[in-house]
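Paired with chain B in one complex and with chain C in the other, chain A is shared by the two complexes that follow.
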Partner chain A sequence: MSEPLLQVRDLTKVFNVRRGNAFLKTQPLYAVNNVSFDIRAGEVLGVVGESGCGKSTLGRLILRLLEPTKGQLLFEGRDLRELTAEQMRRARSDMQMVFQDPNGSLNPAMQVGRSISETLRFHGIGTEAERYEKALKILSVVGLQASHYNRLPHEMSGGQNQRVGIARALIINPKLLIMDEAVSALDVSVQAQILKLLEEIREEFHISILFISHDLSVVNRVSDRVIVLYLGRVMEIAPVKALFSGARHPYTRGLLASRPSIDPTKRVKTEAALQGDLPSPLSLPKGCPFVTRCALATDICWQQMPEHRERAPDWIVACHHVD
Partner chain B sequence: MKDLAQVEPILNVRDLRTHFEIKRGKLHAVDGVSFSVNPGRVLCIVGESGSGKSVTVMSLLRLIRRPGKVTGGTAVFHGDDLLTMSRQQLADIRGDRISMIFQNPLTSLNPALTIGDQVSEGLILHRGMGRREAQAEAVKLLRQVGIPSPKERVTDYPASFSGGMRQRIMIAAALSCKPELLIADEPTTALDVSMQAQILDLLKELQAEINNVLVMITHDLGVVASIADEVMVMYSGKVVEQAPVREIFAAPRHPYTQGLIATVRALDDASRPLHPIPGTPAIPLGQRMGCAFAPRCGFATDQCRLETPHLELVGSAHTVACHVKPDPDRTHV
Partner chain C sequence: MTAATNPAPLRPKSALSETMARLLGDKPLVRLLICLAVLVLVAVLAPVISPHDPLKAVADLSNMPIGSDGLLLGSDNQARDLLARTIYGTRISLVVAIVPTVAATTLSVAIGLLAGYAGGRVDAALMAVLDVFFAFPIVLLAIAVAGVMGPGLLTIMVSIFVVLLPYITRVARTSTMQVTQRTYVEAARSAGAPAGAILVRYVLPNMIGPVLVYATTLIGLMIVVASGLSFLGLGVQPPTADWGAMVAEGSGVLRGSPHVTFVPGAMIVLTALLFNLIGDRLRDLFDPRKGS
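Up next is the complex of A and B:
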């Protein structure tokens, strides 16, 4: 197997938060806690988890929009954390991001065509005429017309603006695309269109995508492999088919069992569905963060964070009670 | 089985119309919507953003403000028309016999009042309870919706609860007077999937217990499949299809419903091909001609572009507004 595009090792981000009174001491909040994984060339790696699990922070850390507290980010073997600001700026042309809110992430006063070619301008690529040509070409790739070039974001629908967001990221031919809840704000019918577009883009661009979403069905649809995060920790990493047909970690199983079935003739409540609420990320148990909601929990789970062990080829589970 | 015609519906809405006067013209947010719900039933109103589902229920409770206006129709609740009754009569009903749960549990509770005060407000206002009695009742309600140690927490403020817990508090407040009609507008959309499942179970349990009517607005067909008895699909201000839940999933007859169901099936099962509905949802602006879905519809004919289809009966309780009514076998694989 060729070298992975990005190797993330022991990535950790601690926020120091003040609770209540401004005179109190700050407390550390581990938003991302010793996370390690690879993104391989050309794969879509899904990241799922509930709110507060650290999935958005993870995306931002990789692009160094947030500075990691600890860990390594090896992009094609080079540690991104050792780059100077100028070097990082150049490295970012290989890594682009698509955000959740399609309307809010575009400049409202800039024609969408110019927003798209702005990426090239920023990185000093091509002449103005070449940039225009490229923008027109990429508009058609994402299913828009040349006539959209001169539109303003408010003259477009949410789905169209999200296509612009994708075009803007793709125009520079990045190797890695980070999509943070990129289809979550869209209606089902439009969501399906964007997912279809992603399927086409994958074939054409041979790009790696880190696809962050809380929506398990969407992740199932687009990913090759999936990382399950819970309160900043990796619970399970597995190929998508294996995960959705036979998840091993009790948290993943609970998450999957909590999804509403789309068959009204099957309304049985499954035992595995998650109960209770997330604990406060400021007072986590010493051991496994899932211990407060886990049916399998025993003493060791309270005491010790389980190791990330490969239980089957390509299948990592962090649980004391999974063989 | 009981003859359905014999049962008096709790709510009977006929030809409801609400429009908004905006700069670009008249927006027909709700354009002739009719439906009724019988006691003990759960009706889900489904549609994408801008389809008019929220405006429909807000019109019923007369929560529409300028530039919006309810311009026609009736909404009969126990023999009285909600749209024409006096403000006082309406105020007596709202929060008592009809109550509502909103989407965002973070903003629909008052941050400056304790949860006990908010849950007991309806009891004091509508049931004439004293403060102490109402607070005791609030503790009971909070326990019923699954708030841990409710006796200690009744004096806490909303800020010290998580999103899921706040939605439970909202439900406790909405159910305090045992309403005959509970309207819930996307009650689980802002919540994580594990909390969503818990809240849906709770709503089902409570609804079965007080045997009231639940009208729930959602864009999520998974939620529909797990809670609805009846389903009403809206598109661009109009009802395009209405049927019992099993029938609409097994044999949808409107191309829009068919497309939505095929899409969620493909999302649920990655081995199915994904055939998205092309185009974007229609905005019900200005003069309208023909079927609003026609520009996105693979079955559209000239008739569809010229004549507005009306709801027709295609089964004992299944209506659809479509000139073509394509065979569901095509989508139901």
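Up next is the complex of A and C:
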């Protein structure tokens, strides 16, 4: 196997949160905690977890839209964290992002066609006329017409705007695309269209995608491998088929069992489904973050964070009680 | 070369031109703008439409009533034509209110953009400096400026400029901070946009609406303020025609000939009202809740 496109090592982001009045001390909040994984060339890596588990923060840390507190981001062997602000800006021609809110992520005062060609302009690529030609071409790739070029975002539907968001990221031929809940705000039918588009794009552009979503069925459909995050920690990383047919980590199993089912006979899976709420991220247990909701929890789980061990080829689990 | 191959030729439809089209399609606003245009025309064409020289005594008597022979609005206390002086006074009033407000708005938008976008220490430093300006009462400031430069038009304009700066900057900064948190600004950053492009093409067009509304409303207020400063003798000096100075001159004969005071006074009120109404209408039109 060739070298991974992006190697994330011990990535950590601590927010200092002030609770109550301004004279109290700040408390550290570990939004992303010692996360390590690789994104391989051409693969779609899904990231799942409940809200507040650090999924979106993770995407922003990789692009350094947020500054990581600790860790390495080796993009083609080069640590992004050592780049200056201007170098990082240029490096973004290789890594683009698609956002959750399709309408909110487009400048309301700019024609959508311009929003698309702007990406090239930021990086000084081509002349005005060439950029225009390229924008028209990419519009047809994402399933829009040339006549959409002059529209303003409020004149388009959410699904169309998300296509624009994808076109804007793709026009510069990035190697890595980060999709942060990119289909979550769309209707199910539009979601299906965008996912189909995504499959076409994968084949055409040979691009690596970090696909962040809380929707397990969507992740199941598009991903090659999946990372399961819980309160900023990696619980399990596994190939998608293996994960959905035989998850090992008790949290992943709980997550999968909590999916709504249309088959009434399968509806009651009480022993595995997740109970209770997430603990406050400000007062995490000393050991495994999942210990408060885990059926397998024992003393060691309260004391010590389990190591990330490779239990099977390509299959990493962080749990004391899984072989 | 592109015209033949492009299925959709670049039609010059920017958001700016669309906004203009929307504003000009609003009948109440257009009516108000026509009133403003008339006022501006009166100011520009003053030498043409004025029946007499505003500085010379043309009447037989001073303080002649409205509708006197040959003098539509009568004469003032020095037997000058009140209509001529009111027409010429339009020039001063408009210039003295509009020029410093436009200048202050321009600088305020620049400072507000910088402070609101940069945040942190830059923001804190800029705002601390402007807070000092906040503390100046306008009359006191005008007296101080007049002490240096002598009373006159420029004194009033400098005073208004300095006084308005912190107010408009606050609005510009707040508006900038709101826009800066929108996803499309983060999206531009993630796409690799340099800071200059983000500020000019993403933040500026989206933060300017509330600032323009506020500044328009301020013009109305500044007409009153400028008149007040002229009334106190800090503005243009006699015999130049200025609404505020005319009110001051007429105040001595208020009991016997109230029209000498009321005519310029009414112009001040109506002009201020006009700008306030334009500002209010703009606010309604820029309000996103009323649809785009």
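Just a few scattered comments:
Please note the rule applied: the second predicted complex is superposed on the first by the 318 of 323 C-alpha atoms of A that agree within 3 Å, B and C clash if a C-alpha of one lies under 4 Å from a C-alpha of the other, contacts with A are read in each partner's own complex, and residues count from 1 in each chain.
The rule is simple: contacts are C-beta pairs under 8 Å (C-beta built on N, C-alpha and C of every residue); 3 or more make two chains touch, one makes a residue touch a chain.
Quantities reported herein were computed from a predicted structural model and do not represent experimental measurements.
By the touch criterion defined above, A:T119 lies against chain C but remains apart from chain B after alignment on the C-alpha atoms of chain A. Once the two complexes are laid over each other on the shared chain, residue contacts for A:E76 go to neither chain B nor chain C.
Once the two complexes are overlaid on the shared chain, A:V218 sits against chain B while remaining clear of chain C.
Looking at the shared chain after the overlay, A:D277 reaches chain B, while chain C stays out of its contact range.
Once chain A of one complex is fitted onto chain A of the other, the partner contacts of A:S147 are limited to chain C, with no touch recorded for chain B.
Residue contacts after overlaying the shared chain place A:D38 against neither chain B nor chain C.
In the complex of the two chains, the chain C residues touching chain A come out as 1-2, 6-8, 10-11, 13-16, 18, 182-184, 186-194, 197, 201-202, 205-206, 292. By the touch criterion stated above, chain B contacts chain A in their complex at residues 48-49, 162-165, 192-198, 200-201, 219-226, 228, 245-246, 249, 259-261, 263-268, 270, 274, 276-278, 280-281. The part of chain A that touches chain B in the complex is made up of residues 50-51, 157, 159-160, 187-190, 192-193, 195-196, 199, 214, 216-218, 220-221, 240-241, 244, 254-255, 258-265, 267, 269, 273-275, 277-278.
On the chain A side of its complex with chain C, the touching residues are 63, 65, 89-90, 92-93, 96-97, 99-101, 104-111, 118-119, 121-123, 129, 132-133, 136, 145-147, 149-150, 152, 154, 165, 168-169, 172.
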